[in-house]
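Labels for the chains are A, B, C, D, E and F, by order of writing; each one numbers its residues from 1.
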Amino acid sequence: MVNNAEKNALVVSAHSADFVWRAGGAIALHVARGYQVHVVCLSFGERGESAKLWRRGNMSEEDVKLTRRAEAQAAAEILGASIEFFDLGDYPLYADKEDLFRLADVFRRVQPHFVLTHSVSDPYNYDHPRASNLTQEARIIAQAEGYRPGEAIIGAPPVYCFEPHQSEQCLWKPDVLLDITTVWDKKYAAIQCMEGQEHLWEYYTRAALQRAVQAKRNVGIASAHVISYAEGYQSLFPRVTEDLS
Amino acid sequence: MVNNAEKNALVVSAHSADFVWRAGGAIALHVARGYQVHVVCLSFGERGESAKLWRRGNMSEEDVKLTRRAEAQAAAEILGASIEFFDLGDYPLYADKEDLFRLADVFRRVQPHFVLTHSVSDPYNYDHPRASNLTQEARIIAQAEGYRPGEAIIGAPPVYCFEPHQSEQCLWKPDVLLDITTVWDKKYAAIQCMEGQEHLWEYYTRAALQRAVQAKRNVGIASAHVISYAEGYQSLFPRVTEDLS
Amino acid sequence: MVNNAEKNALVVSAHSADFVWRAGGAIALHVARGYQVHVVCLSFGERGESAKLWRRGNMSEEDVKLTRRAEAQAAAEILGASIEFFDLGDYPLYADKEDLFRLADVFRRVQPHFVLTHSVSDPYNYDHPRASNLTQEARIIAQAEGYRPGEAIIGAPPVYCFEPHQSEQCLWKPDVLLDITTVWDKKYAAIQCMEGQEHLWEYYTRAALQRAVQAKRNVGIASAHVISYAEGYQSLFPRVTEDLS
Amino acid sequence: MVNNAEKNALVVSAHSADFVWRAGGAIALHVARGYQVHVVCLSFGERGESAKLWRRGNMSEEDVKLTRRAEAQAAAEILGASIEFFDLGDYPLYADKEDLFRLADVFRRVQPHFVLTHSVSDPYNYDHPRASNLTQEARIIAQAEGYRPGEAIIGAPPVYCFEPHQSEQCLWKPDVLLDITTVWDKKYAAIQCMEGQEHLWEYYTRAALQRAVQAKRNVGIASAHVISYAEGYQSLFPRVTEDLS
Amino acid sequence: MVNNAEKNALVVSAHSADFVWRAGGAIALHVARGYQVHVVCLSFGERGESAKLWRRGNMSEEDVKLTRRAEAQAAAEILGASIEFFDLGDYPLYADKEDLFRLADVFRRVQPHFVLTHSVSDPYNYDHPRASNLTQEARIIAQAEGYRPGEAIIGAPPVYCFEPHQSEQCLWKPDVLLDITTVWDKKYAAIQCMEGQEHLWEYYTRAALQRAVQAKRNVGIASAHVISYAEGYQSLFPRVTEDLS
Amino acid sequence: MVNNAEKNALVVSAHSADFVWRAGGAIALHVARGYQVHVVCLSFGERGESAKLWRRGNMSEEDVKLTRRAEAQAAAEILGASIEFFDLGDYPLYADKEDLFRLADVFRRVQPHFVLTHSVSDPYNYDHPRASNLTQEARIIAQAEGYRPGEAIIGAPPVYCFEPHQSEQCLWKPDVLLDITTVWDKKYAAIQCMEGQEHLWEYYTRAALQRAVQAKRNVGIASAHVISYAEGYQSLFPRVTEDLS
């Protein structure tokens, strides 16, 4: 039986704000349940997701990255997660073998009980599926006895894909609806750190409200369970259980 | 908090042996956990799944049905479930509006916490998808305030499709692997009640062994969890949860 | 060249409120563009979608149907559409050959330039796909020279499936985003006629806001086009055109 | 080893001309190889596929059916097949339990080595998938020992879906390309029996030419094999073999 | 309101003849409507699509490329398009980050109103999906404010995948049928520039005739619209519109 | 007509044991039928599939590779196949353009009548789909006249994907069931060469027994054909034939 204090989770985010919009509730919720949650931002989203910053003028790529880093750190702190940045660049986010091993090493170090990352398809954003695939492959490598032999390998933590911007176009179908009602205030506070993307604040608030209505529908209208905010996830592997209720 | 003694489950089986091969482990496991499990057999499989009985010669359809009923009752008793028979006929299994309401009434009476039934596609057996669809629609009707107004409606119990005979041909993809190691002896004893289908005993024993190896792979080779027998299920609706581990 | 005043559209709704939530914007928009829009409600949704009415107590099915009819008529009037009711019953919505011909006759009479109806899959609501299939088949029959020979057949109007309640679970993927900004006030007024389903008012308002953000993304952030409310549709047939822009 | 003279095949056609356009080559080819091929036409296509006949004026439904029957008989004769007509009506083609048994009895009588019928999806024509499903279910019933016990059951003949009018819209993907070069003259002669559908003669000639180019591509450009005309088929079941070449 | 004279389109072709077979009609049609159409050929198809040239003997790769370039230029001129060649090599067509930026720069320069390229899957030709993905990612990068900050970004032009050689095997399903009747003579003249691939001239002529019959079916047999030649396209993004007719 | 003695087949295996578990029966069967079968192992599976060897301690990567090579050679010898090793490394298995050409050259040299390799999807193992794609692309390059002009190109040999470890999770659907009953003893002897993966011996024995039951079901229970062991394959291309039985 593992002690809650030893439970860990890993979140891999293509750009430095993705983990907030898409998984901020899951992070805060599991932190509240005693998990250590670690976030890896593969890039700062400096080129592709910082339009408002660029429009200020007189910004260098380094300036944009610093601003984005500060915003992400502030958000992670609110959510209660640790965070690190790989700074791989975005648009395009390309990773080589060393980047893959670097992420596998994070898996080995964190020993996550579950993993959150992007969907495997997104015609609007090629960096997102690349981040998802990098995460999945790093997890596989971290499971291999022959990778850095002698180190402790990881188990088979479930991988959940968080919600993309236009779910149906990404062939993303949620099979988990996570009730984040109790931590919504934290998620919304974290969202507000993203000053460069204010147009998305209300978009993801509404998304959480819609998923909550759906969650309610999936437990039954008659149930006493109140759900006001939720996040959707698609799992990539079967779950192993002894209870179907 | 619901008392375990009040937890219920419903299993809908197209023919009188399907619930044994495909869901016997889930039934015995949940009975052991304090559930009341109720099985509805829509037909006896008298035409399509009783070849060995017919080959004995001198059998009428009524004889075959009686034998099949007795086998199913014996199996249900071993598994610890209650059972009833709709006797709708098989090959083809056709249901009309009254049959649909009859099943909706079972839903209302049982108030299941989860439901097990067939996959939604099976090119080898048209009765199986029909049973699945009948079950799904009966569940929806039992949720409606306007159906027999004044009766207690049901919530939104999850529906799991159990494993068909040739999984890939039925487009069935398991997202749940249920560890049935502790109740395998009961499942195998129930299987042995099906004297007319001895060729399937070892087929479904091997299926349980294969799913166990896969379950083990999905919790991680390094885990201490021993899994010897498992059943696969495909869920039809998202699950609502507060825990992703 | 057809005069706008002669343009017609047909909307087929399983229950008496579906056309409002799902297609109210399209109806008002095309009425404003000079179309005659006709709505067929196959049922009143008296059993399955009138929970609030039933909870009032002392309601007969006839009472519920009358209330639902009045609400639908008021909504249609606001949107500017004509409306008729087939009263086929709901939960389950079953149609026989005569119902199919009745709908084919509506197609012949209306001669629609396009058709709106439900998605072809919905695990939460079996009436919706049935309505979609009935509509599609009625359209095919109305195209046949040998059905009521001598009558004017119809052309091949495009069929669009409007948005179901839980889009991803219904495998519904929009390929058309309709800008309904200019008629949102009419749609919201029509929505407010549905007194029995107040919980859905804000759900479908948010849905329209989300689809608008997505529409904006699909014309380009830089575009001057302001889109505040939108509806999504999935088309069932290829469109024939001479212009790809 | 079965004697060629005892080999049989069954073709189930929704309307009386479908077997010609879609499977005429397969029929003539297997007749030439010593098969007995039997065609069942479920309807005459009197309503939905006889536009040219209706436009002649002064035709009753009975007249149209007689003309269509004569055309189909002439085509079958050219192809070398026997033919029978179920006269179930078209647009819509509805079958009840007795029709299903009637077709199962044909399966028992013919004992086919393979079966040809329609695709399982066709948004342009609801009769086609219905014919496909009726055929598949009749095959399953004819396999059951308990259906008319004592009669010889059938084996598990492969089922091939022939090409629909708009292949991609029907989600039809051919996995078999049948070289019909040697019998093309017979197929084209049979096609010409369909006087009411002259617009389709060249459409299906071109289809055969296109499939031939594709077949050539799938054996290799360098191969000496000359293929001028082909038909595409999608198989519904895995084939069992001892040779992968 | 944009002046027609300012409308632009971009076509990205893996090999130097693809744009002719697959999009020649769309190009000529939009040129006739006042568009500037620009074609990028990523390679000459020198290895994989020049069999006839190689069989002449005494050809170097440079000779083949020169011949292919001349053919493509002649075809583009007939169609009225400008053309450039990236010369990335074929079989395999590999692109690195600089090639991606080069294509993004073309997007910035051309500012296309729509984009034509290959399907996203093709088991017969790995260069085609690579070209499609390169095009899609270049479009995304050209939309990003942070890529070459200060330059004018592009909007969100629709992307259409043109028809692959074996449509069903490529999971390509057309949702647009483009009537190219008025420019067929130009397309066929351009096709005839491809002297090395004469076997494809009639293949793509028949393809255009088949798509025309299908287009006719999708506007309705009764319509007065004459369509003799058409091209099929699959769109990758939802279209935003205010008119469903 | 090609002499049996000249018939060849090619098997491409990501790791050095895959060809045994997944295709050992097909290899032995075709060797018995007079084929020359050649196996290419892209890696030794030294990191990812040699857990038992690593747990011995005191092993270097070179030691593991030598052991795995010896096991694979012994297995190939039992099956009757020739074998070569590309030693590309595993976890991850990355191939560059030169590796692709090296495999294309094997295709040219072997001139295979059919090809066996991995499935195109596997969320548990990224090396497997990479091996499948490398194989498919090498085949395409070997077909091109312009690749090493003057060499004999290959035809269009069918490609079959062998069974992955968790078939449904890999979206792998068998359309061929190969009866390997007569060579099972050879396959099981080859399996026993894999001393490092003893846990898989019984897994793949049971897999062969299950596929045999399914094969039997697909030829018909009534058939006299005895099938005790089988392998499943998914074909990637349509087969061209003149016989549908």
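One rule holds for everything that comes next: contacts are C-beta pairs under 8 Å (C-beta built on N, C-alpha and C of every residue); 3 or more make two chains touch, one makes a residue touch a chain.
Keep in mind it's a predicted model, so treat the numbers as computed, not measured.
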Graph distance between subunit B and subunit D, where chains that touch are linked: 1
Which chains lie in contact with each of subunit E and subunit F? A, D
Have a look at where subunit A meets subunit B and say same if over half of the interface residue numbers show up on both copies, different if under half do. same
Let me have the rounded angstrom distance from the C-alpha centre of subunit D over to the C-alpha centre of subunit F, please. 36
Distance in whole angstrom between the CA centres of subunit C and subunit F is 52
Listing for subunit E: what residues touch at least two other chains? 51, 124, 169, 174, 214, 217, 221, 237-238
Based on the touch definition given at the start, go ahead and assign the chain network to line, ring, star, complete or other. other
Listing every touching pair of chains gives A-B, A-C, A-E, A-F, B-C, B-D, B-F, C-D, C-E, D-E, D-F, E-F
Considering the complex alone, what residue numbers of subunit E touch subunit C? 7, 9, 26, 29-30, 33, 113-114, 116, 143, 153-158, 160, 174-179, 214-215, 217-223, 227, 230, 232-233, 235, 237-245
Complex contact set, residues of subunit D against subunit B: 97, 100, 133, 136-137, 140-141, 144-147, 149, 236-238
Note which residues of subunit B are touching subunit F in the complex, please. 51, 124, 165-169, 171-174, 199, 202-203, 206-207, 209-210, 213-214, 217, 221
Can you check the complex and tell me which residues of subunit A touch subunit E? 46-48, 50-51, 54-55, 59, 61, 64, 91-92, 94, 123-126, 169
